[in-house]
Amino acid sequence: MQSAMIFQQVINGLSLGAVYALIAVGFAMIFNVLKFSNFAHGGVLGISAYAGFIAATTFKLPLVGVILVGILAGAITAVIVEFVAFRWIRLQKGQLIYFFVTSVTMLMLLEQILIISFGASFESFPYTLLKVKAIKLSNLTISVTSLLTLVVTIIAFGILIYVLKKTKVGIAIRAASNDLVATSLMGINVDFVVISAFVISGMLGGLSGVLYGISASLSPQIGEIVVKGFIASVLGGLGSLTGVAIAAVALGLVEVFLISTIGSGLSPVVIFVIMIVFLLVRPQGFAGVSFADKA
Amino acid sequence: MTFYLTVSLAIAVSSIAVLGTFMLTGMNGLFSLGQAAFMGLGAYVSAICVVNYGLPLPVAILISIGITIVLAAFVGLATLKIRQDFFALVTFGFGQAVIGLLTQMVNVTGGAMGFSNIPEYTTPALAFISLAVAIVFVWGLRKSHFGRDSLAIRSNELAAKVAGINVFKHKMIIFIISAVFAAYAGALMAFHTQYVEPAMYGWITSVTWIIIVFFGGRDSLTGTVIGALVLLAMPEVLRFTAAWSTLIYCVIILLIINLRPRGLFGTWELTLRSLTRLFKPKKAVEEVK
Amino acid sequence: MKRLSILIVVLLVAALAMSACATPTAAPAATVAAATTAAPAAAGATVAATEAAKPDIVIGNLQDESGGMKALSIVLTYAAQMKIDEINAAGGINGRKIKMITYDTQSDVNQAINAYHRLVEQDKAVAVFGPPVSNIGIALAPVAEELKVPIVGLFMDDNAIIQPNGNPWTYMFLGQDSAAIQGKTIAAYTINELKAKKIAVLYNLQNSYSVALANAFDSLVMAQGGTIVDQETYTTTDKDFHAQLTKMKAANPDAIYFPSYPVEIPLIYEQAYELGITIPMIGSNSVPPTGLAPQTDPAATTNTFYPYGINPTDPQLADWSAKYKALYNADPIAQSYSGADAFGILVQAITACGDTVTSECITQQVSEVKDYQGFQGKITMSPTKHQPDSLPMAIMTIANGAPKFVEFYTPEGPVK
């Protein structure tokens, strides 16, 4: 009985980790290219989740349709966010801190839009969206949304790596991640690269928003889950999306482990200690490149 | 106490915390998501000292400040040598940890039930005088050598180091001072509202303070104080348009950062000289002509 | 350009400030109030013409209209409004119309405290109708002690109505069974009727309602010889309970108790169902409406029981229920009924004060309420505990996503 529970907890941890990984990779796209923490990604997540919700309830679209709507909404919202919140600062070569401030402001703004449109309480996706809720293998179960998230994350990640390594846009984004100025000097249109990064980030955000919304119910504050992406991105290391994904999955596993041992209340304390120790021991993050704040 | 006095008092006390953020984020460019946690620490420790152990108010406040200094030093030591993003992350984690701890220690803190029955020791005099002292302190800090070092570090940390400034020590001191400001504000607030609960001290509160600082202008103390008074009063004044007012307020911040990144007040300060300049500009222009 | 942008910003801020000039009574809840008081006001005008116009009785209303507790809180406003319209149409209380001023607490304790100050000091309310939110009740209690205006509400945690020294908070009154009673009632049912011996509990340690229910439940279970085999917690923002539920399932309990709020209830039901948990899931009185279809998959609620203030299928409630549904386009929930009772008690107290309607008189009258015929039964307020002497609760179950009545129960056993 004990081992069955442990296996189930591992599955729980991986499921949670998959959710975090999808969010984290979308977050990390911007983190890598523009070097700041884009909290507005949470807003993108929220808007896409609600867009999917409308698709599911008003237009009665099936699961696939809902997901596509979410992805589209995410991409559009992300580009709008770039224009409204970050473009000006980037063009004025403003300091990093301004990006922080506008990104959290955008997060709040998008949250308020959701509150005004939908009211502050919460909604659930129709449970008829998924015909099967959970898959059972002997004593273990994995919920279908978790499985879906896991599979989608792997596929999305695979596509992302392909895009980044093999397509022109992807290579340009990687170049920009390395050095924005040098990239523009090479004749690459940096604006286009930035927008592409936001589109990709937005699509991932939309995907994670819809999937998370289905499994966790919707509320205007749904975007605040983005902090998990933030944690994973920083711990995973700058410059490595793989590191971020692994850090996110690890975070999910650690959270489940902590909840089942010391309870939900004290977990943040332990996570904090782990964070500090980790950063002292490996400041460049899990798989990242050493990067000191240049003045 | 009349309604307006109650609200003004709360605003004044919150402004002290905002001043802490002004020093940390405005003057020094350190983005901390855990300032509100220090406020929570100040509130709970002083409340517990007075209610559970019967200590007099000044002693309770001193103890809470002492504990805050120790914790801020610990957090600072671990994180101030590393990158901005890490600092934001660790202060975030710290904030979550503090809330988690406060919620968990039900026997001492009342946990989710909150800590109530706190006697009302914060008089309007105490609150307003504290705010005045805080403003004077920050003013003095900016004018001093220390304040100029802050500007240097914020503009170009590498150059500041080369110029001989002990960046790490400087950041530590600022971090501790701003934590103390937040803790003191927390204590005052606890003895005013007579009730505290862990949920009041989350990262969104810390973020709100940062936004207030940038609204008024990170380089203008006057701007921050006025911004704090205006923005903190808004929820009360606009009770019934809550979501819309927050929305407009976010739009205002975005407009300010995009169009006038130095904040509404830029570098303008309320001094005798600036006031006289305000009332005398036209004469000079005409004379030249 | 810079000057223009500063101008725009200043104008925006000014516009915000201008909108504040609207008086507080233009609050959003007023859309409901305005529509419904318009008609009675016209009718009442002819009656009032023959008497000298007496000043309105101002009752404050603190509810959560835009926060997470909106679903449970706004129904109190509805219930109160129905009663007010009825009374004002009949001429008011002793010839004086009732005027209800509502402020949104936004589930924020500080907002609630400020709003209470405003109601007492500016709007001159003689009594306040409070929310079904324990944290806010607890926070308001010492403030009410100071400002001396009674608050009648549905804040179920005993800490909101009873001081640490055992005396009641002078000005706080609860209009339904407290969390202590509810927890014990459902615990008694679980032990006696479901024959459960080992029970696992999942509660929100950041929420006083959840904590109070869990504590009461535990104490009765242990007193009756049962064991709590596992106790797990979660926090208010948690959405994933797989870890906790998996651990609880492994402890092999006969039932799981989860005193939760509307947001988590569908999630806990569905995640427990996913994990293959088939033992009875015992809930709190917040299960409707989110625990029912269509918010929750009916397949996940095939073996569940929860306590409820009233039996919603009782034919005696049908009339009021139909009127409520016609006005507000939603079925009433337990809080609608207990809210109506709480407000009714307040009104009865005000009426008993005759011509001298003061806060002190109302407080005295409320604490002496005896045999008030409410939806929840005959309510007698305990002067020492400021809550009704134990009212029986309806034990409900869910069949095909719809609520089904089982029987009435008390902590001592079934109602004979």
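Think of it as A, B and C in the order they're written, each chain with its own count starting at 1.
As a working rule, a contact is a pair of C-beta atoms (placed from the backbone, for glycine too) under 8 Å apart; a residue touches a chain by one contact, two chains touch by 3 or more.
For clarity, every value in this text was computed on a predicted model and none was experimentally measured.
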Contact-graph distance - origin subunit B, target subunit C: 1
Pair joined by more contacting C-beta pairs (A-B or A-C): A-B
Separation of mean Cα positions, subunit C and subunit A [Å, integer]: 37
Between subunit A and subunit B, centroid-to-centroid distance (C-alpha), Å: 30
Residues within subunit C bordering two or more other chains: 66, 106, 205, 235
Junction residues of subunit B, two or more chains touched: 100, 103-104, 243, 251
Residue numbers of subunit A (touch at least two other chains): 115, 120, 263, 265
List of subunit A residues in touch with subunit C within their complex: 1-2, 4-5, 8-9, 12-13, 15-16, 115, 119-122, 124, 126-127, 133-134, 136, 141, 143, 215-217, 219, 221, 224, 255-256, 259-260, 263-265
Interface residues, subunit A side, partner subunit B - complex: 31, 36-37, 84-85, 88-89, 92, 94-98, 100-102, 104-106, 108-109, 112-113, 115-116, 120, 227, 230-231, 234-235, 263, 265-269, 271-273, 275-276, 279-280, 283, 291-295
Residue ranges of subunit C in contact with subunit A within the complex: 66-68, 70-71, 106, 205, 232-235, 237-240, 242-244, 246-247, 249-250, 252, 262-263, 266-267, 270-271, 273-276, 290, 294-297, 299-300
Subunit B residues touching subunit A - in the complex, by the definition given at the top: 25, 29, 31, 78-79, 82-86, 88-90, 92-94, 96-97, 99-101, 103-104, 155-160, 203, 207, 210-211, 214, 243-244, 246-247, 250-251, 253-254, 257-258, 261
Subunit B-touching residues of subunit C, taken from the complex the two chains share: 1-2, 5-6, 8-10, 12-13, 15-17, 19-20, 22, 24, 26-28, 66, 103-104, 106, 109-111, 113-115, 117-118, 121-122, 134-135, 138-139, 141-143, 146, 157, 159, 163-164, 204-208, 210-211, 235-236
